[in-house]
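Got some structures for you, see below.
Across the two complexes that follow, chain A remains constant while its partner is chain B and subsequently chain C.
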Partner chain A sequence: MKWLDKITETRARKVAQSTSRRGFLGKLATVVVGTTAAVPLLPVARAEQSGGQQPAEEGDPNSCDYWRFCAIDGFLCGCCGGSINTCPPGTEMSPITWIGTCENPVDGRNYIISYNDCCGKTSCGNCLCQRNEGDRPMYRPQLSNDLNWCLGTQSVAYNCSTAVVIGTALDE
Partner chain B sequence: MQKLIYIVGVLALITLFGCSDDSRETISDASDTVQRVAEVVSEEVSANNSSVAEEATESVENSGAEAVEEVAAADMENSGTEAVKEVAAADKGSKAELKPEQIGVVETLPEQYPAEWILIQDAAFFHMLDGRLLVVDASSDDSARRYKGMFNSSIIGQFAQSTTRPELYSVDTYLSRGTRGERTDVFTIYDKRTLAPVGEVVLPAKRSSNMPTIYNLQLVDDEKLALVYNFTPAASVSIVDLDSRTFLGEVPIPGCALAYPMAGRGFSTVCGDGTIQTVNIGANSDDIVSNRTDAFFDYENDPLMEKAVQIGSMTYFPTFKGNIQPVDMSGDIAVPGEAWSMLGDGDEGWLPGGLQSTGVDDAGRMYVLMHPEGAEGTHKNPGSEVWVYDVENQQRVDRIKLKLPAISMGITRGEDPLMVTTNINLVIDVYKVKSGEYLRTIADIGAETPFMLHGAR
Partner chain C sequence: MLRGLALVTLSLLAFNAYAQDKRAYNNYMLHCQGCHLPQGKGALGAVPRLQNFVGYFLHSREGREFIAQVPGVTMSSLDNEELSELLNWMVRAYSEEQLPEQFEPYTSAEIAQLRKTPNPDPLGQRNSILDVVAEGLPVLADEIATDGYAY
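And then the complex of A and B:
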């Protein structure tokens, strides 16, 4: 798959630099394969395409050991007036972010989790959580939780982080 | 006497607020006025002291106790206002009367900070607009006086110190309405003696806001240029001329991050495809020549950590799996050397980790925070030990067990350095490097998240 990594990465970088900031997400492709025809490619199998019922989840979504938080670093939005996939009132969700690949213990699948930051207010201060499975240095920013991802938002002030399921990671 | 100061203070405020112009001259004039007012009041108090003190003494004698008595007295006829005066009179004669003190005195620091002083970078993670840099004497057990001063830094500022000028630098971000409004990124020059800003360079509003690192803000070319890492998420580096205090330009570094100084007028940056790009800056900042290595490190399975140390013109990167990757940065392109393992027999499971996980001393030894039972995802875990390396001979020369595991560390300058760590309680521990001895803990200094520690250069 190295050749695919290379092509996807090169293409994604050009997209990220020359077009939309969302294009940056297209760079992630080490364990997943693109399935949509849209540009930029978002190389995940979308949940709605799989049909059927959503798999169940277990655990406390406001606890740092919850499965979706395997690569998070920040305040959990569910403890800040938002939820695991929504921002607190009056904040703005960053359109670009870093991602993690986390295993849902209920169905044993690996999911791509997008840790979109909520922005425009100062730190929430509740439920600080840091886990680093799959986290990588800032020269691979799409996998780095050391960055303040309040980018492309009206304000760079960081409030909290969500953990949105954006698809399943397919086996290599 | 406290009330005397109070009176002077009130008059000072009246004088200041009476000023329509806030120029320095006016403030200076106001200070002079305050000083004159203080002298007048002081004279009046002295003049009244004899009669007032007699009353007070009688009162004390009547009670038979040693005490301080207050006596209210006197119109200030000259000023035409009523005021209250107070005289401390107990045990008159055996205690010298306090002299009025000068108002408006502000402390200064030495131009060259002592070797044991440290600079503590508090990102204020729970309220990022209020980040700060503290100057603290790490050799002192005096919990009050070891705190020397501080300045502010907003939204996870980045920091550097000059060795050739009495200057400290920070680059940070301000929004016109605090957490919203127009964004301004600014490179600010602070005077080491006053900790006051003495210059600033407004930069493109692109600087990377990230957990602080050494390599977000660096000085190159004998400290003539400052480099600021940008991430929007397009990556670039802003260049500041420190002589003219001007913004020179911006160099794109697509797919790469941070700025590691080259020996000459340039920097290297680590890239997500396993290469290093070197940017050489000509006399004219538009004259940029970039070179790139072949891919030489495994960015997927054993990535270089950003937390390198620089010893001479060599840069040493720890890797996720416990190797050291040397890179020669003396020329116009980075030249990677052979990586070697930090681990010996019996070291299985130990890995480098932490936030600021490395340090270097003046003798060129490399220090690395290490934790046992390392695995995928533990690369930011606190270290329970610091391992010390002679990097030329690729040998571990010391192993310091920490009182408490630590996320960050710093080494002071000189032949007998101190090691300071940010422990898991987010307070500072101080060790003697040569003996590994724990010396003291520095807590309650108003630094809630002291993410980075620097020995004063």
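And then the complex of A and C:
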């Protein structure tokens, strides 16, 4: 194995003679600092994650003053046999939905909320909640909550509304 | 030193692109996703699918203009810069494979011009535009024959 030692030694000496340790450290530091400071690691994966990130919350999710309901107009599914994220049994969640932002008082950040309606049964009738912040008239249909958003479902009968957090809003 | 500067410049450029993508995705969620659904999946019979499809339109001038003249674009509350950023991000993020090789990104001036004249009959013209594109694009012709017009 002597030959291996010899090769390793001569190589190592050559490298040591022809390069500078500070130079290498400097370059390494530039790369590390430059990439981590300016470009967050794996931006794509992080953007995906932020979509599903659930915030810390306070309050009663079956009460109309709960933060996620800032733009809602309808019956709260939590009072109708479902929950704030899920539909009551026997109803179908509409995939097509109206989307807005609400400020979470716990961390002061704005989150993107999707108000998916639950469809297939007649109106639930419990916990009517109309806060309508940011609601726009019908001629801006994508921002109007007066429409029946039971679209793309088997039945257009409206039962109740959920309020699902789908992402964090950018600070303007 | 020069190389260091180059590295920092590159990093900043990358960060700028990342910030733009992030804003575009946010705007997509707020202004499009309610109907076009996450990842542009669309709802058959109700809302056109963007995923693996919208890029086909960019193969013709009519198709390129069409995208900027549909109701969701012309009536959007976004400004022209945000709209062009969003459209450029969307076609790449959801339909990169269908884009022509020499795809030229939309400019905000182009969007400003196009959205002034909304398409009066988007559903009627959609399929005929796609039929013209399909004449020179066998992949799309096959897709229309088997799966229809993604709407």
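One rule holds for everything that comes next: the second predicted complex is superposed on the first by the 119 of 172 C-alpha atoms of A that agree within 3 Å, B and C clash if a C-alpha of one lies under 4 Å from a C-alpha of the other, contacts with A are read in each partner's own complex, and residues count from 1 in each chain.
Simple rule for what comes next: a contact is a pair of C-beta atoms (placed from the backbone, for glycine too) under 8 Å apart; a residue touches a chain by one contact, two chains touch by 3 or more.
Predicted, not measured: the structure shown is a model, and the values here were computed from it.
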Now for A:L151: first (chain B), second (chain C), both, or neither, which partner does it touch? both
Looking at the overlay, what does A:I96 touch: chain B (first), chain C (second), both, or neither? both
Determine, under the contact definition given at the top, whether A:M138 touches first (chain B), second (chain C), both, or neither. first
Who does A:S114 touch here: chain B (first), chain C (second), both, or neither? second
Would you check which partner chain A:Y66 touches, where first means chain B only, second means chain C only, and both and neither mean what they say? neither
Touch check for A:Q130: first (chain B), second (chain C), both, or neither? first
So, does A:I166 touch the first partner chain B, the second partner chain C, both, or neither? second
Intersection of chain A residues contacting chain B with those contacting chain C? 30, 96, 140, 151
Listed in rising order, the residues of chain B that touch chain A in the complex are 125-129, 155-156, 173, 175, 178-181, 183, 208-211, 213, 231-235, 254-258, 269-273, 299-300, 303-306, 376-380
What part of chain A is in contact with chain B in the complex they form? 6, 9, 13, 16-17, 21, 24, 30, 70-71, 96, 120-123, 125, 128, 130-141, 146-148, 150-151, 154-158
Residue numbers of chain C touching chain A in their complex, please. 3-4, 7-8, 11-12, 14-15, 18, 21-23, 25-26, 29-31, 33-35, 37-38, 43, 46-47, 72, 75, 77
Could you pull out which chain A residues touch chain C in their complex? 27, 30-31, 34-35, 37-40, 43, 47, 51, 95-101, 112, 114, 140, 142-143, 151-152, 166-167, 169-170
